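Two complexes follow with chain A in common, the first pairing it with chain B and the second with chain C.
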Partner chain A sequence: MLSGLPTVLVNAALISALYALIAIGFTMIFGVGGVLNLAHGALLMAGAYAYLLLARDTISVPVFESMTLHPLIAFPIAVVTVAVLSYLLYVVIVQFVEDNPIVTFLATIVVALAATEVVIHYAGASTQTYTLIPSDLLPSTVGFGPVDGILTVDVVGFVVSWIAIGLLWLYVTKTDSGRAIRATSMTERGARLTGVNVHAVRARTWLVAGALAGIGGVFLGASSSATPGMWLQPLSLAFIIVVIGGIGSIKGSIVAAYLIGFLQTGVGEYLGQNFRGILSLVLLIAVLFMLPQGLFGREYHE
Partner chain B sequence: MSSDSAFVRATDAVKAQLRTRLQPVWAVLCTVLAPLDRAIQPVADLYNRSLGRHFGTMTGLQFGVIALGFGMIATVPFWSPFYSETLNITFAVASIWAIFAMSWDIQSGYTGYISFGHSVLSGAAGYTIGLLILHYDPSMGPLVTIPLAVLASLVLGLVIAVPSLRLRGPYFSLITLVGVLLFTNLIFAFSEWTNGELGIHQVDPFTYEPWIRYYYMAIPMLVIAVGLTYVARSNVGMVLLTIRENERAVSSAGLDPTKFKISSFVLSSIPMGIGGALLVYYGRAINPVSFVEISNSIEIIALAVIGGMGSIIGPLFGSFLFFFLEEELLRDFIEDSSTRTLVLWLFVLGVLVFARNGVFRVVWHALGAVRGDSE
Partner chain C sequence: MARNNDQTTGERHTDEQNADGNTTGSGYVRRRHFLQTAGAAAVTSTLAGCIPGGGDGGDNLEGPIRIGHLAPLQNPLGIGSRRTATMAVDQLSENGGIMDEEVEVVHADTGGNPGTAQTEAERLVAEEEVDVIVGTFVSEVTQAIMDYVAQEGVPLIVTGSSAPSTVTDFIGQDYERYKNFFRTGPINSTFQAEAMVDYVNHLNELHGWSSFAVVADDAAWVEPHLNVLPGALEEEGYDLVMEQSLNINIDDFSPVINDVVESDADAMIRFFAHINAAPLLVERAQRELTFGIEGIHVTGMHPAFAQLTEGAATYETTSQSGGGGTTGITENTVPFVESYRERYADSDPPVGHPMYMGFNTYDAINVYAEAVERGGTWDYGNDLDGIVDAMLATDHTGVAGQIQLYGPDAEYPHDAVETRDDEGTISNFPITQWQPQGALECVYPEQHATAEHMVPRW
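On to the complex of A and B.
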C-alpha cells in the first residue's frame, strides 16, 4: 500500500513529535540521575492501558470497576496515573540501586517484564484498540490537497506533544524548580552547592518524565494499538533517539526524533514494515562507534 | 548520597531491626551446625589438599552442601518421582539454562561488562541447526550440526565482542541489547528462510526417553560447570575480576585488558552455543520467542543474579532454584502462568534491590561462618 510522498512526509512529521516526547522523558531521567530507565517503555504501556481501563469497558481490575469515561476526562487521569507510577518506581525501587548503573539497568528492565505479566493477567495477551478522539467531535481522518488519509489522532497527538514539549521548556527555563532540574543535570555538585535538594529534584524529574510518558503512551496506543509487548518498540526508539541526539540533551532528542521518525516512516513505506527497525538500529550502532557523545550530548562518565 | 530520603532511611531501620531479631536464630543454627561442620572437615581437607587450589578451598559444611547438591543433580531421575512426575523435565530445562547463566557469568559477572545480548549467541546456534536441517539436509545428525552450531555462536561472539568491547559501562550493555533487537528483527525480515514467528519445527530430539534426556542435558552442564569454575579460579579468572574492579590496574601490570575481555566473551560464547544446541534438540523447535527475544537474555541474567554474579556455581544453583520455583513449587499455589512469572520477576527484583550479591553467596558465607572463624 504505497501512498504519495506528501502523505508519507506529513505522517513522518506527525509521528516524530510523539517520538520526541517519549525520548525527552527518557533523556531527562538520565540527565539528573545517570539512570537509563529501561522501564520507560513500560510507563508508556501503563498510559495506554490506564486509558483503556478508564474509557473502555473491555478490561477491569479489582477495586476499579471498568468504566467508560469521556476521553477528555479519562486522558488527564491516565496521564496523572502514569506520573505517579513513575514517581513510585523511583521512590520504591530505583533510589535503592541508582548508585550502581548496571543494577539499575537490570532492575528497571525486570520492572518492564513484570509489567508485561500484569497486563497479560488483567487485560489478556490480545491486541486492544481504542479511539481517543470521539467521532462526533472530529472526523477520524483528515486530508488536504495531495495529502490524504491522515489519522486525526496523529494530528492531535502532534499538537499535544508540542504543547507538552513547550510547557516543559517553559518549566525548565523559567521556574526555579525546573531550573533546579537543569542545574542538577549539568553538574550535580554545583547544584548541591547552590542549595538544590538533589534528591527531591530526582524524584520530581521522574514525576515529570512519567507525565510525558503517560501522554506519549495514550497517543501511541490510540495511533496503533495496545499490547502487552508494546513497551519494547518505543523503548528501543527512545534509546536510538537519545543516543543519536546525545544522552541528556533535550534539544538533541528533538532533532534526532525527527531524523528517526522520517527514516522509519520512509523505510517502512518503501522497503516493508519488517525492515522498519533494522536501519535505525544500524544507524544507532554507527553513531555509538563514531560519535558516542551524540549530536548534542556529553559523553557518559562513570 | 541517598541518605536524604526518608523511605531509604525507614528501610534501613527495618533491615537493622531484622538483623537484631534474627541474631538468636543464627546463634542456635551455629551451635547445631558447628559439630556437623567439624565432622565433615577431614573429608573437605582431603579435597582442599588435592583439588582445592584449582577450584577453591571450602570448609566442611560448604563441602558437604556442594557434594549434596551435585549428588542430587546427578541422580535426579532416581529420586524425582518421589517428589513429582514433572521434576525430571523441569531440571532438564534448568540444566540448559544453567549453562546459559554460567556462560553469561564468566563474561559479564567476572569482567563487569554486562551483556544484555547473550540470547543472540544461543539463538545463533539454534538457528544454525534449524536452517541446516530445514534447507540443507534434513537427515543431518547432532554430531554434525552441534559443532557447526557452536562454531556459529563462536563467530558471532567474536563479531559482537571485537567492536563492542571498545565501549564501556552502559554503552556496552546498550550495544549488546541492540544486537538482540537487530537479530530479532532480521529473523522476521527473512521470514521465508526462518519461518518468522512460527519458527522451525523439523528437528528430531536425541531421545524420547525422559530420564536419558535428562542426562543429555545434565552431563554437558556439569562438564561446563567444572570447566568454567576451573577457568574462573585460575589466573585468567583473576585478571577478569580485576578488570571489573580496576581495569587500569590490569594495564599497569602489563596485560592488555581488551584481549582478556574478548577472550572472556569467546569463552562464554562456546558454552552458549552448546546450550543453544541442546535447547533445540530438547524442545524440537526453534523460534524467536523461546530463543532470541530480549526476555531470554534478561532471564539468563536473572538466573545469574539470583545465584550471585561472579561465582559460576551461584548461577548454576540460581537456575535450578528459579525453575524449581516456577515449574514446581509455585505451580501448586498459583495456577495462572502470567501471575507465576510475575511473582518470579518480583522475586528477582527483590534480590536485585536488597541482596544484589545473590542468594547463593549469602548462604555460602553463612555456611562458612558457622564456627565463627571466618567472616
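On to the complex of A and C.
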C-alpha cells in the first residue's frame, strides 16, 4: 500500500491548496468583524454557479442570458461577481446586525439557505460539471515524477491558490489599505485611534474574502461538481480549519488547511474512505481542549 | 394549493418566536428564552402527531379518493415521480375516476430526510385524509414511516426504495401488523444483485471482462449487493479485485479511482443511489481511463446527465426501472414516455423522461386503482383485508414491467415479483448506457436492447 505514498502526498497537497482558499476568506471576516459568516459556503457555491452561467449554456436566469464565454474570461468575471455579492451581503444585511452574534448567525445561515433555494429554482437540483481548463490550452492530465494522471485543473488550482495567498500577503503587509485590515483584526480600538475607518475596513474585508471565496468556489466546482447543497461541507471544513489554525489568523488557516488536507487524504488512503472526516473532528476536539486559541491564536489581541 | 396553508402557518409561528426571542434582554436570557420557545415548539409539534381524530381512517365511503405521493420533491428523481403521479391521476380522472369517484393527488416532500418524512406522512394521513400513500425513495426514509403507517393501516405502496430489509424486517416479521405495505417496483436489491451477475456474464461474453471492482454507498439498500454479489462473482470464476463501501458524503474520488486503476479491474461495478459520482466520471474522462463503469448510479439516470457533465458520463451504465424509456419493456412503456415528454416539454428541467421512480410511481397508482375496482373498496379503516386481497391479485401490464406481488407466505411478502425469461434470467432490470453524443441506449437484457454495450474509448 505504501507504494502509493507519492500519489497520496501529491493529492493531499493539491486538495489542501483548495481548502486554504476555502478557509482564508472565512477567517478574515471573523478576524476583522468578529462575524461568523455562515453564508461563506454559499459564496463558494455562487462562484461555481456564476462560472456555469458564464461558461456553459445549461442554465439561464431572467435578464441575463446564459452564454458560453471562454474560461479565461468567465473565470475573472465569476470571481468579481462573488466579491461584489460578498460586499453586498455585508452592506445590505450584515452591517446592521453584526453587533449581535446570534442575529448575525441566523441572518447568514438564512442567506445560505435562501441561496440554495435560488439555485434550485434557476438551475435545478441536478449535478452540473464544467471544464475550467480548455483542452486546447493544456492537456487534461499531467504526470509528476512517479505520479501519473494528476488532473491539470487541480494543479492549476494549487498554483492559483498560492498566487492568491501571495497577493493577499502583499496586500495586508505592504499596502496601507491592507495593513488597516490587519490592524483592525488585531485591535479594533487601536485601529480607530490611529485613524482607521473601521467600517470601511470591514466592507473591504468582505470584498477581498468574497474574491477568495469566488476563486475557491470555481475550483471547487471544477474539481468536483456544482450542486445546490455543495456549500455545506466546505463550510464545515472552513470552520474546522479556522478553529484549528486559530480564529482570525490567516497564517494559521493556511497551515491548518494543509494539516487537514494531508490528514484526510492519508486517512482515506490508509484507513479507508469512511474515516476521512472523522479524524479531522477528533483533531478539532483535541485542539479545542489543548489549544483553545488554535495553533496560531490571534496575531495580537488586546 | 390550499394544502400548503398549514405549512406556511407553521413557519410563521416559528418566526414570531424567533423575533420575540431576539428582543428580550441580555444574551443569556435571550438564549434561554430562545431555547425554551424552540423546545416548546418542538414538543407541540411532536404532540400534534398524537392527537387523535384528525384522520377518520377512510371509513366514510365517499369520494374523492385521495392519493398521497411522498418523495424528495426537489430532487430530479422526485420531480419526475411527482409528474408521473399527476399524469396517472389525470388519466384516471379522464377515464371516469376510480369506482366512479373522483381521484385527487396530494404531494408531500420528504426532503430525503426520515424526520420530515414522518411529519409529512402524518400530515397526509391525519390532515389530508389520503386513502393510500405512494412513493418514498431512500430506504431509511421508508423504514422511518413504516410503524406509523402500519398503525394507521393506510396502504403504502413503495416505488423508490429497494432494500429487502424494508420487507423482511417489517411485513416479513409480523405480517398482520404490516400487511398494508406493498412494493410494486423496483425489484428488491437481492434480485438486483442476481440480475447483475447475469449482466456481468453478458459483459464477459461480449468483451472478455473477468476482473471486477465492487464499490458501493454505505447505506441499507446496497447490503445485498455487497453480501451477494462478490461471492456470486467469484463463484462464476471472476476475479473480485476490490471491494469498498464509501461514505455517502465523499467529495474526493481520486483515491478510489487510483485504487481501481491499481487493481487493474476490467470494470468497476458501483452502486450509488446517494453518492453523486459526477466528479468521478469527470476525472475518469479527463484521465481517459478505459475501465467500464457498470452497476447502478441514480444521479446518472437524469435525462440530461450526459449533457450536464459535458459528456464525462459517456460509457457509464446504470440499471433503471423503465430503462429510461429507451425501449419497450412492455407495450405501454414507449407511449407513456412519449406522452410524458410531450406533456412536460416546456416545464422546468429535467425534461425528457422520468427517472426510475417515476415509472414505478405511475404503475403503483394504476395498480392501486385496479385493486380498488377489483375489490370494490378503498376503505382501509374497515376493510383493509379486502384491499390487501385485491392488491395481491394484481397482474398489471405497467410501464416498467409486468407487475405481480408476492403473497403472504413468500420470502418477500407483498414485494414486486421479478420477471424472468425462459432461461430464468431476470428481465425487468434493464441496463442503459450513455453512448457518444449523449445518446441513451438500452444495452441489456438482450430482448430489450437498442444497442450493444460499448467499451470506453477516449
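Structural remarks
Please note the rule applied: the second predicted complex is superposed on the first by the 289 of 302 C-alpha atoms of A that agree within 3 Å, B and C clash if a C-alpha of one lies under 4 Å from a C-alpha of the other, contacts with A are read in each partner's own complex, and residues count from 1 in each chain.
Convention: contacts are C-beta pairs under 8 Å (C-beta built on N, C-alpha and C of every residue); 3 or more make two chains touch, one makes a residue touch a chain.
Quick caveat, the model's predicted, so the values are computed rather than measured.
Applying the stated clash criterion after superposition on chain A shows that chain B and chain C collide. Looking at the shared chain after the overlay, A:102 reaches both chain B and chain C.
When the two complexes are overlaid on their common chain A, residue A:141 makes contact with chain C while staying clear of chain B. In the superposed model, A:163 lies in contact with neither chain B nor chain C. Contact with both chain B and chain C is seen for A:120 once the two complexes are overlaid on the shared chain. When the two structures are aligned on the shared chain, A:224 is found in touch with chain C, with no touch to chain B.
Legend: residue contacts after superposition of the two complexes on their common chain; A:277 is shown touching both chain B and chain C. When the shared chain is aligned, chain B comes close enough to touch A:110, but chain C does not. The intersection of chain A residues touching chain B with those touching chain C, taken from the two complexes, comprises 100, 102-103, 106, 120, 272, 274, 277. Those residues of chain B that touch chain A in the complex are listed here as 1-2, 4-5, 7-8, 11, 112, 114, 116, 163, 166-171, 173-175, 177-178, 181-182, 185-186, 188-189, 191, 294-295, 298, 301-302, 305, 336, 338-339, 341-342, 345-346, 348-349, 352-354, 356.
Those residues of chain A that touch chain C in the shared complex are 4, 7-8, 11, 15, 56, 58, 100, 102-103, 106, 120, 124-131, 140-141, 149, 151-153, 223-225, 227, 233, 264-265, 268-269, 272-274, 276-277. The part of chain A that touches chain B in the complex is made up of residues 36, 91-93, 95-103, 105-107, 109-111, 113-114, 117-118, 120-121, 197-200, 232, 236, 239, 243, 272, 274-275, 277-278, 281-282, 284-285, 288-289, 292, 300, 302. Interface residues of chain C, counted against chain A in their complex, comprise 18, 22, 27, 30-31, 34, 74-76, 79, 218, 244-247, 249-252, 254-256, 258, 261-262, 276, 278-279, 281-283, 286-289, 299, 302, 304-305, 307-310, 312, 348-350.
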